[in-house]
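Below is one structure, written out as structure tokens; comments come after it.
Order of writing sets the labels: A, B, C and D. Residues in every chain begin at 1.
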């Protein structure tokens, strides 16, 4: 059957290659999804602007290295700081004023923020793509037998796991983390208990955006074309990854990221005819998951009080 | 209170629309200027191409500021790489600014969106680099300065065949009209040359995709002699980069969109040795106009001019030439004159428009060498 | 009594407006015509979006997808058969539909119905979701629709899009469609079903306890919304004369989001106002894209792109400082207008107090 | 007297916790029955099982409709329950806050509108007929409970007592046979409670209802209820007429016990 041609004549080598591709893409999704899920976990709102924060971080890196010739390791630190600040600012401007507003207003505000960032980038940096600075150390190729892999693709999963552990530590074993969990459970109570909600939420955004920056750097090195709309698709897909894993659940985000990354690669690997539909895959998975397990794979079920 | 504000806002905007947005240029009918409208994507996906073409047009206007003793004034409008915008902008140029001729746009679909408007309001338009045959097909008021995809596709197919390719793979940006059209013409032409099953795979990706490892891994397994990958320069550059990383050595072939600095800056060393068809190169700068263009361009903008700028420059010349021969500022007369353009000496050679309003001109094939675009070959129409 | 008066007044207004549209169509240039047409079409879609987001309180972002369905139906079926070979030059048109040609009005209705059908199919899984989940899922579906259109070349001509759609830019025609849409939705909202929608928006559990079948009514609202979005999309396609998948990126939906947020979620007259302000406003903001000279010095600020920055900033400002938009959930009614004419200042004082 | 609602050993478990265990209720037509018990005894859970908010883990709920036909309504959808003539109010008032008093009540008439949305949207004769009928009934109802003068007020702007009353009126508008009231007197001052007491009696007779209510206010309960069920930790610890309950040892313990803890 012609349709399954992909399945039949796939050599072991290409399959291995596909797996490698999938894992490297998946870990990238996972890395960005963590930031998403963490913000959602605390605020119970989609930070639509997350993808665009990633985009901005890429531009920061570009200006740091290509324009101001700062060595890349310094630049990256700078980028993370700058992006974290950006995140805090966005929270201050777009979300804090709506703290007690209906959910939909917050959602619209989030969409507005992302739309604003895109247009701002478009206006400031023009629509012309810029090339993410090349870091030979990370972008070089490594060949394992017939399997080719980029150095960065080995780094990404490590970074992902590290950030995962760090984040888990922060959330579970630090005072801030405890406060965060309190806020996510019920911020009226948290307020009464004397937690400064605003600081905690700003903190959440700072950490989330820092993660976005790390993700952006990895993304930029792997896919070095920077445009104002760079963040849109990764943003959506990583959100979907977070939902699949169970939004608000940090481990879930990682799981979701890998499912999505591998899925996207393998669907094309097995059914080359469907390559044009690849971007639809993420959404279809999303809808299936939402249908059968609205709270995601690792998310706990909730019942409404009447 | 809010309500009051709202009412004020409404009226303010409404007034603004009727006066402000429309009447910004009161001198619509000054007799000593001829207005030429330029609608190009200056923001959005196609901004890069748009800017390059704008350079060409501005340069042309600098070198040929007058016609029929009147000053030529450019009215530049951004169509945001968006069709709805393109249509509004075209209407605005015609109705508000009373332009006699329209130049643009980069991107065939954008040009097509304006097609109906120029047709119904009888103002001639000259496409700069919209290579899709549909633009001028059954539209008497649309012309263009560039060759069209069927020709471009055939050229690349011949080139591939001449260089020993017998089985090729096509990777097309499936959501890009330009890429899909070009891929089709290439496929037809190549199958004619190398037999029915010489195109072993047609893979698709969407505009904005960043990861191509999956389709590339599939194609690697088929190991084709060459890969034809028409599409936006950003995506194409990333595609080629990843192909090289996966150890695909087959040469990449593409279309004229690749000739932008971004293609090289994003693609880096990996895009060395690709081949693509385009309209112009220094090597073929035979005409006097071309010399002038090259010198001025280098002075004005530093760096080598791209074919896009050259084509835009020629589009302007075609318009001026038409107005001169029509010896009138009446759009319809100008249109008739443009339709009969013959051996108009421009930067990309002598331009003669056929009955569709498409120029009969050859194509240049270029490659990338040491981070620069390099001339390989010239293919004339046979 | 009061009702009769309102009916008569509305009828008069309608006639007046129709005459206006007649005038616009005959007397004004095609640029103004185009803007007016866009206003009307955006109003239709804004209204449709308000049915789900504003009245039923279901935050859906699928409008672009439904528009695409409508636009493509009109595109595919109104292109003259003899021109089709020329349009579908890459992949020949599927024989199933190659022969079918429809008048615009029929194509519009078919498009609307198709959109409604799709909405029905989508509704089953999606409408169980709440808030942002629903938003993201509907957004996902509109992307899926777009991707399918991109790939189903033999029906939709893929990325090459459909050209040579007989252009429809008669303001009167579009005005009539808008008027019908407005009337229908207004009547629906003021009917028992409309109140049921509002009940769902206010409190789903209580609404259910009142015997309102959530799924049935949500789905109904969703389908009606899709239907009119389809109609609007059809007109949009016919106005442009050419459609391709890139027209219907999900960012298109944001325009209508701004319209209903600015006009007021859950206000029909608000949506109309919003549509006019946003569409006209976007044209007005165009001056920000043009280089501006003051006393012969270029202001570097003004260059392409600034306009869209303003646009998005407006959306933000609107949500942050003006959450209820111009109308909130109120409506402009004849009685209010009359009260206003009688005593403008007092009218606003009262309003001010009530807020 | 014939039964209108029966529950056969209904049990509700959340995870490991048993909120209600083997509840055996029987409510007869035209009765006022009260369900009392300390906080967390599972009273509201019982309500939610009857009205289909929750599906019982086991056991069945049987309802006798107006033609005297018994039907199993276990786990039936809340909206369906309302259609067959069981209306309820909520512990924490659930009015349509941003809508007017009038709208709140007329919405309840929607389930009696037979015509489809098309004829509704086009305001076709048969719809208009139904509609005006509904309007007349609502007006009558609102006048009766003297809320008519404030029909244009937003529900949320009503004083608390009135909101409680409005919620009951809204439930009445669905023309139920069985009315479930979840703590109707909660948060009311003595005067409001007085009014409520008479109000409940009044509507029971006026609309020939059966009323089943959860209530903490013993004065009210003892005064109006014909029979009382007492729940504690999900178990039915007593049932009977008010006088029996008043001096039932276990009930007193249950309450005193709670009082001590509190």
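One rule holds in what follows: a residue touches a chain if its C-beta (ideal position, glycine included) is under 8 Å from a C-beta of that chain, and two chains touch if they have at least 3 such contacts.
Composition by chain, UniProt nomenclature: B = Leu/Ile/Val-binding protein; D = Lipopolysaccharide export system ATP-binding protein LptB.
Just so you know, these numbers come straight off a predicted model, no measurement behind them.
Undergrad: Using the touch rule from the top, work out which pair, C-D or B-C, shares more C-beta pairs.
TA: B-C
Undergrad: Quick check for the class: compute each chain's Cα centroid; which one is farthest from the centroid of chain C?
TA: D
Undergrad: Give the identifier of the chain nearest to the protein's overall CA centre, each chain being represented by its own CA mean.
TA: C
Undergrad: Report, in whole Å, the distance between the mean C-alpha point of chain B and the mean C-alpha point of chain D.
TA: 72
Undergrad: Let me have the rounded angstrom distance from the C-alpha centre of chain C over to the C-alpha centre of chain D, please.
TA: 42
Undergrad: Please report how many Å separate the Cα centroid of chain B from that of chain C, as a whole number.
TA: 33
Undergrad: Please work out the Cα centroid separation of chain A and chain B, and write it as a whole number of Å.
TA: 36
Undergrad: Using the touch definition from the top, which residues of chain C touch two or more other chains?
TA: Residues 147, 150-151, 205, 304-305, 308 of chain C touch two or more partner chains.
Undergrad: Pull out every residue in chain D that's touching 2 or more other chains.
TA: Where chain D meets two or more other chains at a single residue, that happens at 53, 90.
Undergrad: Can you list the chain B residues in contact with two or more other chains?
TA: 43, 174, 204, 206
Undergrad: Can you name the residues of chain D that touch chain C in the complex?
TA: 51, 53, 77-79, 82-83, 87-88, 90, 94-99, 103, 106-111, 113, 117, 120-123, 127, 130-131, 134, 170-171, 174
Undergrad: Using the touch definition up top, name the residues of chain B that touch chain C in the complex.
TA: 1-4, 6, 9-10, 13-14, 16-17, 20-22, 24, 42-43, 77-78, 80, 83-84, 87-88, 91-92, 94-96, 109, 112-113, 115-117, 120-121, 132-134, 137-138, 173-177, 179-181, 184, 204, 206-207
Undergrad: What residues on chain B touch chain A, complex-wise?
TA: 41, 43-48, 51, 81, 174, 201, 203-206, 208-211, 213-215, 217-218, 220-221, 233-235, 237-238, 241, 245-247, 262, 265-266, 268
Undergrad: Chain B touches which residues of chain A in the complex?
TA: 6, 9-11, 13-14, 17-18, 21, 24-25, 122-123, 126-131, 134, 141, 143, 148, 150, 219, 222-225, 227, 229, 232-234, 264-266, 268-269, 272, 275-276, 278-279
Undergrad: Going by the contact rule set out above, which residues of chain A touch chain C in the complex?
TA: Touching chain C: residues 45-46, 93-94, 97-98, 101, 103-105, 107-109, 111-113, 115-116, 118-120, 122-123, 126, 236, 239-240, 243, 276-277, 279-280, 282-284, 286-287, 290-291, 294, 304, 306 of chain A.
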